[in-house]
């Protein structure tokens, strides 16, 4: 399978560069009969869009999705669904002064070495712009999940070293109304203060997104490869700037004892559940019916306005700075991308699980 | 592709249960002409084997690999390589008293729901025993990597809350001689002390493995999906008990500023390198020639000797404890598994990269 | 992989229906550095287009390909190439009177049973219209093959029971100037006469396309699955109305003796070749450097203007006839489709072969 | 996916050479709960085995399958099923005098060029021996098909130019009792006479196998790629010596008119069927519930005892003859292989079809 496709049965194939005609995605393997709400897909794209508030880049991308196939009378037909998103804001000129140097911690150098060319305009396929197509495909996946009752919700839980205090009850209703998609307003205010300072400096910072998947059926995932959390990890680590993934207790579970970490099983009113959920809803690679939750670490954005040392394409040392519109922190905009990738994995595993038992 | 296979071009397909006749792996897509050193494969399996010291389970598995195809006069032929590892120590009786209950944080419950059966003897495909086949396949991958100069070294960097102090220079020569595969002997002694206490309690603890990949060519990995670190993440998260993965700065990079985290590029003696390496050797999903390094978090082993609450297969609450041989901590034995999975990913990407440019 | 994708490394993913906004294809895995000649792609599409002469359907499809990604300064970049072909001639009304019945030997009945819906307008994904996207992708493959000297040429060798006499030397220069793409003008005249008669009757007829692949390197294909001719067979049998495929001697080789059929090997001026080529250029699934040639059988088109018996969607027997524009014989237009599918297979195998030997 | 694997969901991965320790197959993706009858698998292997009568090679291969995983208490568990078949009759010496030359119409030359080595002993992976593993996997597929009522029956319909007369009613009960698996005894006698003559000459001949698939559910297969008959074609063309495949009317349909070839649809007692079945049970790539039938052409075996011209590995012209045990005609033994490959395709498509509609 090509390196621009994702999934086994519900397969997305993506294309397009940040500053070409547009980007797109083909969804193959979607069952027929799913009602497709175009407004919902457009809303999801709007959530990812830059320029929503003063903390994210101010480009005016009008990400209206055009579906050109696979839908008939408002429902999926079983045929591949193609969604195209026109690029509105093509300004390759912004990048002209960057075309002869390698920006630090960008893909400029690795891309050139791999392909032997410099598609300098906006980073080619390495641009975060390409994730719009993932969000569009993820929206279709979410519409399928809605029919089976699965819900996926992500939010910003940390920016820099400011994180939501532990043991705070998360009110997911608050996520979308917060400018940073942080459901705790006190924490959000601290984060906003930090981002204001960084913006003045032209500097950036990293963050963490937490994601919950609720009402997942038991039995999704596989015992060896295609473990549910391994596929989630791959999906999330594919998002630009993501450097870490942890399920359930994750890195903090390392310091726990087995007697503490084991999730005791109980059966209440014929429903089997665990008293704790350090496992994060997955045991032996397979969902156990408890909420799946994971956290994703994002590094600070590489595009800073401050002076930086690097080399030009001839290997000569130079000093430069990046102009233009860039986020001080990527995580608020990455929230819908995390949800989209999680939705794609869950739908794929839901379809994969259909052949587990003979029936 | 089946859920017991891994890889795109260098593909491994695994089979076998912990307590059947044996386990095995078919490696398809290995180029012809790689010298195969059987002793090296056997050594790698010995590194994973239980019973190497008093901190790992004492079963006497004699993991002698039998290669039944794909080798001719000591070299790979291009045909699929089949490696079989006989199970020496089949004691399904140990598990008999467990067959009517669901062990907490094991795959018992999820496996039964997924497949409708209870292959109780040793956990079926969920047993860590199956990773022996990964190590055998990884050893073949390492023999290929040796020919192109790539080296993969992993070690234990944390057990419980005891970790190697930062800024200590790691001497990789010390790893294999340490009973816990921790290259800092002072840290190792503290860890051993902790494990002794846990063993007395019948309890267990988690840990972290750090892995370095050196001399990787520039250009492995892809800009969208099949990013090098996303595939590494998936590979490592497939290892039993692994709950987290981070590349380069990982979760700690979250609190860094872009100006601090960006890896300035320099060119010294015609060799392009970065001054720092917070990126972990991967930029935009593609290797940049710097060392790739990552960390993997392992939860405490679920098999504890202490009393636990759970339910039986009829949903009735019961209390039980697990007898028999179990590790207080899985990470020392997981070191060669981490290396094996990393080797499989690197070889696969090395082969995938062959078609990037027309030549 | 989805059922609208084809290939292992050079992978095409297609979408679009005959009467929607358009059809398209994403080509993933094309190496960077291939010069892309847009006029060549448009020409290939024109060859497949209906309405080129009075024997093929007269719809005026203006199949201008739009490439929206993957090309930079006239060359492939290694990024996925998206080609969109707008539908010019959407007349779903033509099909309105057909929406409540199942046309014999069409996909109406099977499609409805499979997907539970009736995308009646033009047959959904079952329309031959979708092959335009294959031809566009095949044109890109041909541009790569041009760089390595491989040439693919197909022609009509039989219509009804009229076939090119054996032992006639084929002049491939004559193919495109002949209205039926039959390189023997005497045979073509007989075929044209037959088609004129059929057109008057509103009836149709089948035919055979022969295809030659010249200058193929030795070593493409694999010994077990992904044999070169098995992948060619699958590719060609995917073309609408194709019911048979044979390589080299094919069905006529059945009556030959081994002593007659074996292709004796000789070495002339250091070039190894075979005296005969009953094998069709493939031995043990792998190309041997001799011309690969195969024949594909196409059934008569199902859309006839004559009265036919069938049932409506309620199962009631009815009698109907199909109005509108339809070919009396599909094979002249299928010639570029056969070439395109063959080109896709050859490029894919050329890329697959890169990892056969360690080097 | 590797080139020794076949299938999308029900995936087989094969290994082993004709003269190594043995051959084997891993079946991944088989649902749990299928009763596995070991005797049935052994019987299927026995059908493929050489030495069953004087027209097939007389090697005494005792193809007893060993299942080492994936079965628990007589049923599949959902885990991968590994079947190993030991090689009993390793006589690489037979081949010693052939190791320095390229046998005409064998894979010797192409294999050496592809892999750079000469695994001379019996042709490596190119040996027909490897098909025993396909038959073992196909037997598992047949056991699944038995549960859904699908039946697959193949027989010899032509050897040389002797074929079963058209319009003869085939009594499938007679197939296995006939020494050539030809269900018409008069035709079989003529064929036997021909084979006796060829055996005296040390020559060989080709043949045709016809295969019927009965009681297939409607809706298997896909409208674009993974058409049911395209996957069947690929499967059958993967069989050693197979040079042609045709579904339904196949090559003979070329000379038919649409009005004659269209299969009129009727509905009798609420069952929808077609009056004729020139389509061969597949319309638009999807099964329509009518019997699927196809024919496969096999070339004459390349191993003849007569003198042949070829070159040695240095390119020098030489003359040689092949000693030892070889079939005058391969088709009687290929019958169970055709059935096995067809069964694998059908099961794979049955599983693939599970996600077509939302439910």
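Read from first to last, the chains carry the letters A, B, C and D; within each, the first residue is number 1.
One rule holds in what follows: contacts are C-beta pairs under 8 Å (C-beta built on N, C-alpha and C of every residue); 3 or more make two chains touch, one makes a residue touch a chain.
No experiment lies behind these values; they were computed from the predicted model shown.
Note on connectivity: the fewest steps through touching chains from chain B to chain D is 1. The most distant chain from chain B is C, comparing centres defined as mean Cα coordinates. Inter-chain spacing, taken between the CA centroids of chain A and chain D, is 46 Å. Distance between chain A and chain B, defined via averaged C-alpha coordinates, is recorded as 26 Å. Looking at chain C, residues 1, 3-5, 8-9, 14, 29, 32-33, 78-79, 114-116, 124-125, 223, 356-357 sit in touch with two or more other chains. Viewed as a contact network, the protein chains are fully connected, with every chain touching every other. Residues 1-5, 8-9, 11, 13-17, 20-24, 26, 28-29, 32-33, 66, 68-70, 72, 75, 77-82, 84, 114-117, 119, 124-125 of chain B are the ones touching chain D in the complex.
On the side of chain D, the complex with chain C involves touching residues 1, 3-6, 8, 14, 102, 104-107, 109-111, 113-116, 123-126, 130, 158, 160-161, 198, 201, 203-208, 218-219, 221-227, 229-231, 233-235, 237-238, 240, 243-251, 253-267, 270, 272, 274-275, 278-280, 282-288, 297-304, 306, 308-311, 315-317, 352-353, 356-357.
Only residues 9, 29, 31-34, 76, 78-79, 144, 147, 223, 351, 354-359 of chain A touch chain D when the two sit together in their complex.
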